[in-house]
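Presented below are the structures under discussion, each in the form of structure tokens.
What follows is a pair of complexes built around chain A, which joins chain B in one and chain C in the other.
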Partner chain A sequence: MEFDPAYLVRHLPALWRGLLVTIEVSLAGMLFSIVLGVLGAAARYLRIPGLWQFVAFYVEFIRNTPLLVQMFFIVFGLPAIGLTLSLFWCGVLSLALWAAAYHVESIRGGLETVNKGLREAGQALGLKPWQFLVKVSLPLALRVAIPSMLNTSVSLVKNSSMLQAIGLMELTFVAVDRMAIDFRMLEMFTVLVVVYLALVFVLSFVAGRVEHVLQRPFRA
Partner chain B sequence: MNVILANWPLFLDGFWQTIKIGIVTLIASTVIGFVLGTLAMVRPWWVRALVKVYVEFLRGVPLIVNIFFVFFGAPLLGLPLSPYGAVVLGLSLWGGANGAEIVRGGLQAVPRHQSQSARALGLKEWEIFWFILLPQALRGILPAFAGLLTLLIQSTTLGALVGVSEMLAMGRLVVERTTVMEGSDPAFQVYTFVLVAYFLLCSALTWCTRRWERRLGAVGARRRLLGGGNAPAI
Partner chain C sequence: MMTRLVSTCLAVLALCGGAATAQELPALPDAIKDQGTLRVGVRCDQPPYGFKDQNGDFAGVEVEMARQIAQWATGGQIEMMCVTAENRIPQLTAGKVDMLIATLGKTPERARVIDYSTPYNWGGSDLLVMKDSPIQKLADVRQAETVVMLKGTTQAAWFDANEPDVPTMRLNSISDALQAFKQGRGDVMAADVATLTVIAEKDDSVRMVNEPFAISVGGIGVRKNEPEWLAYINAALDRMAKENLYIPWIEKWAPEDKWGFYKASFPPAPFPEIE
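After this line comes the complex of A and B, so read on.
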């Protein structure tokens, strides 16, 4: 089997559309996961009765179940009891719910690094716990948590390839689908490997830069 | 619940398949991990570079792409692999990359003065590695490999996509069969059951690993060596 550039060029438009879906679903997933992660960490931090225990269990549950089964549950399980979402939003939801669990842990770790003295100072100034969280400790905690949240986001982009299994036409789906028809795997796998490695390296590079900037105040 | 009980033998089969793949790939990952992780510490720069390329490549490409590559690629190279073989090979290569990072991290965590003192005492290089570095590094490495087992068991679900009859594939089979034969869609019950089964299995493993970690006096080593508590790089 030889590498045929003409074959690749012929299928570039389809692959490009797949890549766009991958990027869209990943970006939406990242956005929602960060919102959910912050809310979850806040619920745990403020010890909102009922809710914080739920968040703690939720984090353990997501971390100890395979993402693919979570996806099957959302795509095939929920419609069976009458909850139907489009395939794209199923993908976004599953990725967001998965990454949110890791974000909660990252932010919680960040919140633990906030100095006790600050909290006492906040109490002395009459700040309510949620005011202190929003105004003081969350900004500080996010600075610590953002690098590992970005790492989670890199994993999220890679894991968006699992949506192939539920039939969302993202990059892996397009490439594997073509392969099953033409049996020309060399071209398609080259595309997959190059594109995913590029996505991962670009994101990791951005994450490294962000970490560098965030650490600036702590360097002499 | 009836649908689960009625198809109990199928689920049990899938469960054993999952465990079997998990353990076989863990053993292979341990071997690859120790070989590559040790090679990542040797003097010649090009050996370290090769290991780094292998590790970065396998961790950078989504695991599912990697498994598809083995599954579709092996027959073209004249290596007829069953779906089971393809998944075991794909997962082992990936687990080996993670194992190499674990071993390298564990070896690097041993303070430098240990090997320096050993060298000053006249020990040979292999003696330093075998008697000084490895025993100390193992304290962190062992729980981290137990953590890797949890990831591998979760990743066996990807086998369902190339035709291995593990738990998720069995669940899908049961859903399809019941839908066709009885006209009701049991997807919710079945996938809830599969989720709970994985949850029980993996949290039991996580719990054991945590206890083991505490006994070895290496709390946090697993998370540090497996990527700092980040989401797993599947």
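After this line comes the complex of A and C, so read on.
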């Protein structure tokens, strides 16, 4: 079976639409996961009664169950208890919940690197714990956490391909659907590999810039 | 009475014909002969074509076909393997199986990638809707909110080609698709007539639109450039039809009230002309 560029060109519009969905669902997932991750880490850091135990359970639960199962639960399980989201938002929700669990741990690790002396200084200045968290330790912790949060975000982009199993028409879905219809593998797999590589490169570049900017105050 | 007499005569003739040609299968390709066993990809989720019975054993009409070819080719030595709509072609092209008897619908695009035997089955697609749905005929599908179907199927290809503006939702298995349909994620479900007939039969809240579309024939799939093997399979299929073997297999694996339906879609029933 030889590589047929004409076949590829014929299906580029559909692949392009799939790519847009992949980008949308990934970006929305990243945004929500970072917000959830920060909130979760804060809840653990401040030891908010009830909430921090819940966050700890949530992190363990998400990290110890397969993402695919979580996705199926959100798509087919939630409607049974009266919550039917669109496929797109099912995708965003499952990716965000998954990545947030890892972000919580990354940020918690970052928070633990904050110097004890700083905390004492904060107390001496009369900062309440949450004020100290928002103004001092979180900005410091996020710098430390960025590389591992980037890792999680890269995984999130790649894991968005699993959403093809629930029928969200993202990039992998379009390719797999085409492969199963026409039996042509080579063209579609090539597209998948090239496009995901490009997406991850772009993401790494952006994160590298963010890291660079955040480290600026610490460079001589 | 008259027709019955005629069909009996035809059956007898067919049997005689079968007996006359019984031993005329061409030579088995060396590759299969040396292997000593026949490796076949079959479906495990498509009753009555290919599925697993209560004991977890391979069952179905296509499985019987595979066993019969093995009987003739390798003295019954056979290794069967479950394949899905998505992975069956890679399994074949990568050499994991020697042939696919796996509800393999034929399209020109697919025929560029693998070779098909002469068709042994034909079928169409239909739509399933809720009883009170306003959709009465195929053209009404344009008013559908979302049509649920299986990924990579003839239905998916048909909607891409003929109704590209109708929103579709494509899942991996019939159970996923049915679940999504029943949960209201789509108001129409598109699938093979055979599959939908079974569903509509069991469920009073749904009905079929009964306007078949995307009529296609199915054949055994083999790798390109294996003409000897393809000729052997074609001869074996010919012999199965002549010896009327499909009838008992259908009666063994299909529910009795569906015998007529399936008998009309396997040889020796006439097939529609499609290219």
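Keep this in mind: the second predicted complex is superposed on the first by the 204 of 220 C-alpha atoms of A that agree within 3 Å, B and C clash if a C-alpha of one lies under 4 Å from a C-alpha of the other, contacts with A are read in each partner's own complex, and residues count from 1 in each chain.
Just so it is clear, contacts are C-beta pairs under 8 Å (C-beta built on N, C-alpha and C of every residue); 3 or more make two chains touch, one makes a residue touch a chain.
Quick caveat, the model's predicted, so the values are computed rather than measured.
**Q** Using the superposition on chain A, tell me whether chain B and chain C clash or fit.
**A** With chain A aligned, chain B runs into chain C, so clash.
**Q** Look at the residues of chain A and decide whether chain B or chain C touches more of them.
**A** Here the partner covering more residues of chain A is B.
**Q** So in the superposed three-chain picture, is A:L39 touching just chain B, just chain C, both, or none of them (first/second/both/neither)?
**A** neither
**Q** Applying the document's definition of touch, where does A:L87 land relative to chain B and chain C: first, second, both, or neither?
**A** It touches chain C, and chain B stays clear.
**Q** Which partner chains sit in contact with A:P79 here, chain B, chain C, both or neither? Use first/second/both/neither.
**A** After superposition on chain A, A:P79 lies in contact with both partners, chain B and chain C.
**Q** Which of the two partners, first being chain B and second being chain C, lies in contact with A:M179: first, second, both, or neither?
**A** Both: A:M179 reaches chain B and chain C.
**Q** Given the touch rule stated above, what does A:L27 touch, chain B (first), chain C (second), both, or neither?
**A** Neither: A:L27 stays clear of chain B and chain C.
**Q** In the overlaid three-chain picture, which partner chain does A:N151 touch, first (chain B) or second (chain C), both, or neither?
**A** So A:N151 only meets chain B here.
**Q** Which partner chains sit in contact with A:F61 here, chain B, chain C, both or neither? Use first/second/both/neither.
**A** After superposition on chain A, A:F61 lies in contact with chain B alone.
**Q** State whether A:M162 touches chain B only (first), chain C only (second), both chains, or neither.
**A** first
**Q** Tell me the contact category for A:L51 with respect to chain B and chain C: first, second, both or neither.
**A** neither
**Q** For chain B, sort through 78-86, 186-194 or 204-212 and name the stretch that clashes with chain C after the overlay.
**A** None of the options clash except 78-86.
**Q** On chain A, what residues does chain B touch that chain C touches as well?
**A** Of chain A, residues 1, 76, 79, 164-165, 176, 179, 185 contact chain B in one complex and chain C in the other.
**Q** Mind listing the chain C positions that touch chain A in their complex?
**A** 85-86, 89-90, 93, 107, 109-110, 112-114, 151-153, 156-157, 160, 169-172, 176, 179-180, 183-185, 224
**Q** Inside the complex, what are the residues of chain A that reach chain B?
**A** 1, 60-61, 63-70, 72-73, 76-81, 98-99, 102, 105-106, 109, 148, 151-152, 154-156, 158-159, 161-162, 164-165, 172, 176, 179, 185, 189, 192-193, 196-197, 200-201
**Q** Which part of chain A faces chain C closely enough to touch in the complex?
**A** It comes out as residues 1, 75-76, 79, 84, 87, 164-167, 169, 173, 176-185.
**Q** Residue numbers of chain B touching chain A in their complex, please.
**A** 57, 60-65, 68-69, 72-73, 76, 150, 154-158, 160-161, 168, 171-172, 175, 185-188, 190-192, 194-195, 198-199, 202-203, 206, 227-234
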